[in-house]
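Per-chain numbering from 1; labels A, B and C assigned in written order.
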Amino acid sequence: MQLLHSLCRVPAPAGNEAALTRFVLNYIHQHQANWAHRPEIIADDRFQDCILLVFGQPRTAVFAHLDSIGFTVRYGRQLVRIGGPQVEAGYRLVGQDSQGLVDCTLTVDAETGELGYAFHRDIDRGTELTFYCDFRETATTVQSCYLDNRLGVWNALRLCETLEHGIVAFSCWEEHGGGSVAYLAKFIYETYGVRQALISDITWVTEGVHAGLGCAISLRDSLIPRRAYVDRIRAIAAASGIAHQLEVEGSGGSDAKELQHAAAPWDWCFIGAPEDHVHTPDELVDKRDIESMLALYRVLLEEL
Amino acid sequence: MQLLHSLCRVPAPAGNEAALTRFVLNYIHQHQANWAHRPEIIADDRFQDCILLVFGQPRTAVFAHLDSIGFTVRYGRQLVRIGGPQVEAGYRLVGQDSQGLVDCTLTVDAETGELGYAFHRDIDRGTELTFYCDFRETATTVQSCYLDNRLGVWNALRLCETLEHGIVAFSCWEEHGGGSVAYLAKFIYETYGVRQALISDITWVTEGVHAGLGCAISLRDSLIPRRAYVDRIRAIAAASGIAHQLEVEGSGGSDAKELQHAAAPWDWCFIGAPEDHVHTPDELVDKRDIESMLALYRVLLEEL
Amino acid sequence: MQLLHSLCRVPAPAGNEAALTRFVLNYIHQHQANWAHRPEIIADDRFQDCILLVFGQPRTAVFAHLDSIGFTVRYGRQLVRIGGPQVEAGYRLVGQDSQGLVDCTLTVDAETGELGYAFHRDIDRGTELTFYCDFRETATTVQSCYLDNRLGVWNALRLCETLEHGIVAFSCWEEHGGGSVAYLAKFIYETYGVRQALISDITWVTEGVHAGLGCAISLRDSLIPRRAYVDRIRAIAAASGIAHQLEVEGSGGSDAKELQHAAAPWDWCFIGAPEDHVHTPDELVDKRDIESMLALYRVLLEEL
């Protein structure tokens, strides 16, 4: 899991994903020679900090978001959320401003809930802070901040090793209202005619989805994908014999929101490992669910 | 009202409209020979489960959503809402899963408000349930679940009998965040240059809009249409002598949300009969308002 | 500030901006002969009540919204909000209906908060009411309703006097959910390849942004612009020596929402003078911040 560890350590709060974009592009350039098939790599100004990899004659696109949750320094010692991080006094936050590296702790006003930081100096207005990465691996689990969604990115990069036909799209801003999938989807649909999508992202351990029982195929969250498409996926998954679970939620969202509202007839399905301690520095995933996720994506990209 | 009765009985919860799509397509194929003009019928993979009918040289498009509210089976015996159904313990819900037909009753936890079902067995995770259809007709009213929006669909189909120039679009997902009107609108605007829309949907009886006084022309809901377009419609309606009412709301929405936010300059107006007992199994509409609605659409499609 | 005064007096509630569109078009036709460069003026049915001015070989587009907040007359003597006006009993509201001019006062039910009006007669259903304009100017300040966003429009029109390369877009519906920037942005991107935007709008005096210290460059509000673009703007602003402040908010929005969600890779940044008494009849702006705003736009349109 060295790759996953590295991915978790690169800061990429929504709106400032550039460092992770560079890391992923470097990784692609270094490793694609070992992939079974070479993709077209599309990463230029038309796509801001996103990356598209196009393999063969694609029928399906996989979306994995690069960005993470975090905090923006406001005035005084106030912080404003980027996305929806859990907040607990004492969380270690890191970043960089004009005076150098920042390594501070989160404060939460007991009465107002107002967020702030404790540090020996003021931090520049507008500086982004992210969770300090304490990556922990056991025989059966990985634990770190930002498994959501570095694990989805990892899954997409590992999928590339064997992928013959398909598109892998690395997106931005997913944690904070979206803003890149609309144009990625437009380009993909208009250029390749592709309108089937899988969302390579991480979901929640709940009373109905348990760690270790396989990755989750989401039947719905706050949005509802087209039943006919999800049924095809369920049939392929069942026939594959790969462990998986069915998820049904009434809330939550993903890059699929922009697909659902796109001016093109996208079918989509969220498929991802479940994690515990969501949106904290201690996100925890069972390795069996990671294996199941990658195995299922490999089958689905062949058969869909 | 045999057609309306049939429409109300076909289940089509948002995301799984396929059965109603087939019903409407069959109806069109069976009846178009008797229509004054034959439309082009567009219903293929580019439009998922939507249907477009294009008559003559269109200037205006009518949008009628096929989907309805309902419930999704979650874990244990929990239910999650599809759209915004009213919930009252004892409502009869129907559906189908791998073990066969489902006919159960809604439960509402008195303390938590959590939704569930009472049935002699567990229902498959992800199964959609809809209200049981008890269609009631009197000399002056119709009452059933899903008059919203089977009455809007009925109005659009009846409009087809005499329509010479215009587009009728049957859309999906309206009750649950939308997801089809964006691409329908793009296709219509780019292919036909049409950017005038009427929303054939059902609204609410309120202190300002009364049953029996004619269908409502909505001057606004949560969104505000362009005044100049609504004023043209009001002038045509006034000159027609057809009974109608003016509605002003601060909340609520329709397929028009996607038109308002489309990357094309759509003018739109919601025009529909008001109903009582909104989003329950007992939606009630006055027949005079249905007549007024169809008459007004006939005039508007000619004169706009 | 005669131009600003005139702009503030023309009613243009969201959805009914036509009067202000006419005013601005007249102003452009009367004054463009004195501008350093003549723009292409685009204002036809494809753009509803919006206006586009295209100067030279544009690289950057400035968006200034024409519309304002206000109220719609509902039933009885109820009012419904257009956008998010502050409400205080006694505010003077004006409008026009079939019986003539309206000049009434806002009422607020002490218990329910329900909004209404006091007037000697009933006002037609659907009539829009706006704040009465009491324009006040001192040596150092201007005060009026609707400085948000007539000052942004003023800034854009003054910018035209010297602009050589760039686009100025006057938009609609910004105060009430948007609805025009999506198609303006699509046209601009597809026709001119432009995907850099500045939002010429008014922001808030807060504990971190003070009147008189220069216009605000917003690093974020409810949405987060791409860091790389904002950093370029900050560098140009710093090098220019023009007074400015950095703003960081967790809420609020602008025309940028539609750019962020567009199916094109727009970079955007909100730059505007701060005002006190936001969304009241008494919006107050320091003249130094107005000067700073115009000076900064002039530099940025040259250097971005």
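Descriptive notes on the structure:
Assume a residue touches a chain if its C-beta (ideal position, glycine included) is under 8 Å from a C-beta of that chain, and two chains touch if they have at least 3 such contacts.
The chain list, named the UniProt way, goes like this: A, B, C = Aminopeptidase FrvX.
This one's a predicted model, so the numbers in the text were calculated from it and none came from an experiment.
Judged by the touch criterion defined above, the protein chains are all mutually in contact, each touching every other. In a homomeric contact, the two copies may use the same or different surfaces; for subunit A and subunit B, under half of the interface residue numbers are shared, pointing to different surfaces.
The angle of the rotation superposing subunit B on subunit C, based on CA atoms and rounded to the nearest 5, is 120 degrees. If you average the CA atoms of subunit A and of subunit B, the two centres end up 36 Å from each other. Counting partner chains per residue, subunit A has residues 262-263 touching two or more of them. Against subunit B, in their complex, subunit A makes its touches with residues 206-208, 219-220, 222-228, 246, 248-250, 260-265, 267. Taken together, the subunit B residues at the contact with subunit A in this complex read 14-16, 18, 45-49, 72-76, 80-82, 125-126, 128, 173, 176-180, 182-183, 185-186, 258, 262-263.
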